[in-house]
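Every chain is named by a letter (A, B, C and D) in the order it is written, and numbering of its residues begins at 1.
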Amino acid sequence: MDCGIFGIYGHPEASKITYLGLYGLQHRGQESSGIVTSDGKRLYSHRQMGLVADIFNEDVLKKLPGHIAVGHNRYSTTGTSELKNAQPFVVEYSKGGLAVSHNGNLVNAHILREELETSGSIFQSSMDSEIIVHLIATSRAPTVLERIIVSLQRVRGAYSILFLTENSLIAARDPSGFRPLVMGTLRGSYVFASETCALDLIEAHYEREVEPGEIIVAAEGKLNSVKPFKEERRGHCIFEYVYFARPDSVVYGRNVNEVRKQLGRVLAREQPAPVDIIIPVPDSGVPAAIGYAGEAGLPFEMGLIRNHYVGRTFIEPEEGIRHFGVKIKLNPVRETLEGKRVVLIDDSIVRGTTSRKIVKMVRDAGAKEVHMRISSPPTTHSCFYGIDTPTREELIASSHTIEETRQFIGADTLGHLSLKGLLSVVGEAAPHFCAACFTGEYPVEIPLELRSPQLGLFDSSQNNGSSSP
Amino acid sequence: MDCGIFGIYGHPEASKITYLGLYGLQHRGQESSGIVTSDGKRLYSHRQMGLVADIFNEDVLKKLPGHIAVGHNRYSTTGTSELKNAQPFVVEYSKGGLAVSHNGNLVNAHILREELETSGSIFQSSMDSEIIVHLIATSRAPTVLERIIVSLQRVRGAYSILFLTENSLIAARDPSGFRPLVMGTLRGSYVFASETCALDLIEAHYEREVEPGEIIVAAEGKLNSVKPFKEERRGHCIFEYVYFARPDSVVYGRNVNEVRKQLGRVLAREQPAPVDIIIPVPDSGVPAAIGYAGEAGLPFEMGLIRNHYVGRTFIEPEEGIRHFGVKIKLNPVRETLEGKRVVLIDDSIVRGTTSRKIVKMVRDAGAKEVHMRISSPPTTHSCFYGIDTPTREELIASSHTIEETRQFIGADTLGHLSLKGLLSVVGEAAPHFCAACFTGEYPVEIPLELRSPQLGLFDSSQNNGSSSP
Amino acid sequence: MDCGIFGIYGHPEASKITYLGLYGLQHRGQESSGIVTSDGKRLYSHRQMGLVADIFNEDVLKKLPGHIAVGHNRYSTTGTSELKNAQPFVVEYSKGGLAVSHNGNLVNAHILREELETSGSIFQSSMDSEIIVHLIATSRAPTVLERIIVSLQRVRGAYSILFLTENSLIAARDPSGFRPLVMGTLRGSYVFASETCALDLIEAHYEREVEPGEIIVAAEGKLNSVKPFKEERRGHCIFEYVYFARPDSVVYGRNVNEVRKQLGRVLAREQPAPVDIIIPVPDSGVPAAIGYAGEAGLPFEMGLIRNHYVGRTFIEPEEGIRHFGVKIKLNPVRETLEGKRVVLIDDSIVRGTTSRKIVKMVRDAGAKEVHMRISSPPTTHSCFYGIDTPTREELIASSHTIEETRQFIGADTLGHLSLKGLLSVVGEAAPHFCAACFTGEYPVEIPLELRSPQLGLFDSSQNNGSSSP
Amino acid sequence: MDCGIFGIYGHPEASKITYLGLYGLQHRGQESSGIVTSDGKRLYSHRQMGLVADIFNEDVLKKLPGHIAVGHNRYSTTGTSELKNAQPFVVEYSKGGLAVSHNGNLVNAHILREELETSGSIFQSSMDSEIIVHLIATSRAPTVLERIIVSLQRVRGAYSILFLTENSLIAARDPSGFRPLVMGTLRGSYVFASETCALDLIEAHYEREVEPGEIIVAAEGKLNSVKPFKEERRGHCIFEYVYFARPDSVVYGRNVNEVRKQLGRVLAREQPAPVDIIIPVPDSGVPAAIGYAGEAGLPFEMGLIRNHYVGRTFIEPEEGIRHFGVKIKLNPVRETLEGKRVVLIDDSIVRGTTSRKIVKMVRDAGAKEVHMRISSPPTTHSCFYGIDTPTREELIASSHTIEETRQFIGADTLGHLSLKGLLSVVGEAAPHFCAACFTGEYPVEIPLELRSPQLGLFDSSQNNGSSSP
């Protein structure tokens, strides 16, 4: 699901700090990673397919000198896993070097790209981030900042974005504030990151979020903030709380672990079950399961063990293995499950196929009853702002009632957290959130071409790194 | 800590099944991995540094044809991380091809190696497994099985071992049964593995343990068992329960997750603490923490979040980062810990340095009190049977009282599970266990040269893959 | 020195034929190689640093399907040896895919690039071939051919160039015809190549040269030729005869081996020497030495043996080795040289440093007298059309008399072929040649910025692959 | 054809000098290369598939410290191109480290190997060099030198061999002196190499040959020579002169280029032809062609151009290309050959298939008559001493008369140098040569098993690097 971005201005070891920051954001993207630095004179770049810890070593980091850096982790989406789509995207244009780290999806990318190509722009990738770069390059505005402003005024959709030039770092967040972006300080340098867990690792001090519609320029040793966009409806992605962010992060001002435990508690009140034990689908279901168990006064148990050494693909024997795709990640603990009535806690159901396999596996391991509890409402709509949900047609909840879904996944009962329950946890901030994946109410309008993928205009490769849980 | 071994006889996709089996045993060794197969005529081999999922793909597995296979995961130990020490070890000798997958350490390796070299044997590696191979090659016995028997009769120490020849798979376990080894069946084929979690993944049926002192030969389509060794004192490694095995495995007949939870419960009774929450050091401390919390009636919380994308080394900035080695793996959740009195549950303390960092980190994150609870007795002695504990000098408990250790790690209180408590969990089987790391009572005598590493005779490179937590 | 280009239209194994064609043109560029194909629907591309035989194998060629292909070998020039400068250069733009293989240098590249960047074009490389691509992309002309025409009308300098689109192959040669480009046919398909030796290898039939100022379009199964440029002074590079082309090729209608032998014969008449044997500097000096020896009636001998296993760099011991750079390629045969008066034949002298080492080496091996004879006039001027001569300052003949050069290289006598002698060999065609490297008379005007490299405007990285002998 | 070996004792940059020496011996083996060094305490080793210039760089050489080194280039033979067969072969045994560089083939390898395996020796490779190492390891003699002596006394066949221990370099040559081995000095250090061209490159002074049956020990800063073998019939490989050695080398006391030219002169006298031009098959036919042309008073011409960028394999289009295997290396110069009566000079005919293709190619290029002249007698017998000739059955001359061979290769006439003519060139030394490939008279007896390959006892993989021209 979407990507992780990180930037730092004014640190003598900018690339080393960025590498650690990206490592802390690894959960936001595992397909490729990259860092671009500047020493004030020119840019240095390294991008590679794979994990942060495999890509960067002393040798690579030595070739990334300078005091300014931006980094990017890209999520693996099927089909477009190519180095040329790795970020940060870096170019030379008339004003010098420019690197971009982008998290989020634009909704008018296809229109702008066609326009730019007609005027002679040559695209190197299928990323919509490149559209922003071409808008900047073809702008006639005199300064880089002005060019960025006029370019961002033309795009619609979600972006938490970092620009690096020879002598500045510029952070921007779309007016709805779809994707998270925080700012910190580290011994006089300025740091930007998708989540606070990246700040923790490098011992940076968390200052505040970059505000929706805000552009912060770090240059000449100091910060400047501008807000050049007209107001838009707020739309913080609520799915960051439900699934995507790391539990130790503070997102939109609240700790994710605590939010998730609270979701579990409300879920326990809304959807109780007469069971013996509460089992999470690890790792994402753990905090909600702890909350559920606490509220219900029932034992929390690790009845499914996760294998963390997961590679990109696994080879199945020809005879086949039941639930292969799930079994490669999860194994039930028979002795813990046997003869028990179980509540199984997960964060969401997408296509239903994974849940179906897990329920079956838990039952095969001896559970007497399996009650599925989901710490979010049914996912009925696709996301166009950066979370890689499948098309609406593939979302089981878009065409099935809860009872039909229950039958499909084979659970004894199925209960979702209500939208009201979900929003009650975030409290007064509720109106500022985007819950379009549960409601279909999109804060920024989605063009018809994107909504109807059969028209072929929505190439998943334009997604800036996203995936479904 | 020690290694993972896997073998299969009589399956048309032997290498594919072995690859999955090794993936299921990845937690037992991440340094290198290898598979050797036989198609009845000759052996095929592939060994490589790295993780199972990275090493094996369709192309590699296609080059490993045949219906018999053995595999091996090697643990990373410092200094000898070289491909030539990867297993399975495979040679051509007078009787044909021979491959060996070995888990465990021999205690008379140095004497036998010197003897063999004096007679003209040329060693290719520093593994003591190679000693067994040379004993087999230089034996005058007429059959491979007889050669294996006379060779194993000469070695002393720990071995769960699999031999592959052109047309047989032979499993053996030392008379004390130090390291685990189980047998299963899969649609008419015979499977051997270090742990049952490997059987689960491939849907094999768990039959029984290979017994201490037993040799099982799979050849000509059937099994034969012999017990050619004189009885020895039993010495099942109790540390497999405490730390090493995967929670979903059945080891020595008992499920590990249930044993660990029970250790936590006894620990709660022996070492209660007036706190608000129970926090595990993830992942190994989780089951004991669940048990402790349940017994104490206190909330279980995930106050430390683990980053699972861990590489082999991490580069620290020159300015330094507090607790860097620990922080790269764990991050505290401030909102969960702040103002709380905390019991922190871990499985063991080795040098004390990691615990010290964790305690400090939890305190820095706002915990009011930190009470360390360890689900095993103090580790006072080195292991010579395959667990890679450091030398006695480096074990904090070998020279410090519990109070001194508490001061060193900076906890408010420190409490260990008692030996009696530990053994009470395994019940009547207690006399069959080796708890030498806690007691210094070694079931198979350790030569003086090994006990005194300063004599330089104990080269850690002779360790067949082990490490301490 | 400059590059090798190859293209084919209408062959079912287009990539395989192109790979062989590039192998036959390997002498024209050893830094990187690439092939782009089209199957009528989309383009497929593979570029890599290294030699043709190392880069392309069955697997790579399988991923390059289609019946149209272009290929390119790039010469190694210092400093800009990067994959992004490898060709064919391939982009997506408003009219679809476009790949370019270019041999030659533009002289107004810097002006056009600045213009394009100011209008918002983003460059991916430092090659001036990319300028042509951006001109095409930003053109408003309706068809690809018209866009190519208007774009080529704006550039000045040398280009033998092949364009590939989804359904066509377009060959063009600048109006002066600086660099060679020939056309052939192979079982109904059309082939274009820098030299005929590439046609020989694939058994294509040599048809004719692509004429200066001609554009040939292969599309819809047939050829079309247009000549949209105004006449320019002809300027066939005479250095192709002197050094660059392979002896078995027919260039500008004449066989290179025969031309070189004839150069040797005229040289023998102009610059006789009272010696015992005639020795070539292998391999380039061989044909002229054979001609010289034949004309002089003196024995031709291989007194210097060339090591053909040459890598990109060699490591010298700290103590140093005399003539290391030359010795790594050439070794004298003492028994052949000892006590002899020797004529040493080379094709040209650039900086003089290599000649100096060779003369010394031949003398050290026992030659009594060393008479240097060069089968071309003194090289006094840089080439701006694609041959990678150094700056004028570095050319020894630009600032030294022949006698001074003789002293510098340490020869007993030094004799060059005269310009008149050189042109006499090409006969009536002489006015059509560019001999600017010997005369300073440039057929297409060189802007002042290029002539004065100290101004820093002439970045050697804009060279499309070239080098000096 | 056989291998290149190099060693140096007492030089501070031993690995760098060895790398250059191996580069100078690259023509003797292109499959793999390796260097082992000693710093007086331990051995350091690097072996890799590929060419010297690709394998060794600053980083690799830095990891090969010490003042003693041995190196090896292995020839590519089909089927056994594996790293484990690369040399120098290096082991640890009871006396410490030992590395071996071997050129030549043993004729009793199979017997000794079986013997050693029966006694328990485990072999790592299929090289017969390893047999010598096991003989040394299992010897009971007290010193390394004595062990080497008793071991070499047991082997029969060809070996020019270098042993490296922690503190010595030992050179040995079999009593017949089959393969060349020379000694030189370089600023106080001692150098050994297969050919003098390796000494030239590093500026070492050529001292003398290592004599047949001589063992030279470089240790404790000085040289010692012993001759522990009983006299054998001399058998210097005459094929080194005919084809294998580099023309600039001095082999068996004579310069190869001069010998080859003389072979050409005698050939011209024995086998004249009424032709217009003399053409060599480059590169090996060049010196004999120069000699032939000089003696005959006819023009020497380069009518075939060799492509030196040859890779290991080439992919042919499905339609096929005539003479593909030859065309990939050689291209005729039509303008030079057209209408001419041609003598084509090659060094030998093995299977006849290559000659057939070349004759056809020259004729296709317009030659009116093609007269093949070979600068050696018909090759009728296999070599068992290190030159990789095919089995007798595959040698065309073993079963065809010269007239039959002429018809097969399609030449107008075919003439070989006579054995008498060949031996006349080496003069008085003639009785010291092995010409078994031309005569079937083997100086050291060949066991029946080797002579009859259909018995399957002669595994070509036991060849220490050899090939046919």
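Descriptive notes on the structure:
Going forward, contacts are C-beta pairs under 8 Å (C-beta built on N, C-alpha and C of every residue); 3 or more make two chains touch, one makes a residue touch a chain.
Quick caveat, the model's predicted, so the values are computed rather than measured.
Ranked by distance of CA centroids from chain D, the top chain is A.
For the pair chain A and chain B, the distance between mean C-alpha positions equals 36 Å. Per-chain Cα centroids separate chain A from chain C by 51 Å. Between chain A and chain D, the centres computed from C-alpha atoms are 63 Å apart. Applying the touch definition to all chain combinations yields A-B, A-C, B-D, C-D. Of all residues in chain A, those touching chain C in their complex are 91-94, 117-124, 133-134, 137-139. Residues 13, 16-17, 19-20, 23-24, 26-27, 30, 51-54, 56-58, 61, 187, 197, 200-203, 246-248, 250, 255, 257-258, 283, 286-287, 290, 294, 299-302, 305, 307-319, 321-322, 327-328, 331-336 of chain D are the ones that touch chain C when the two sit in their complex.
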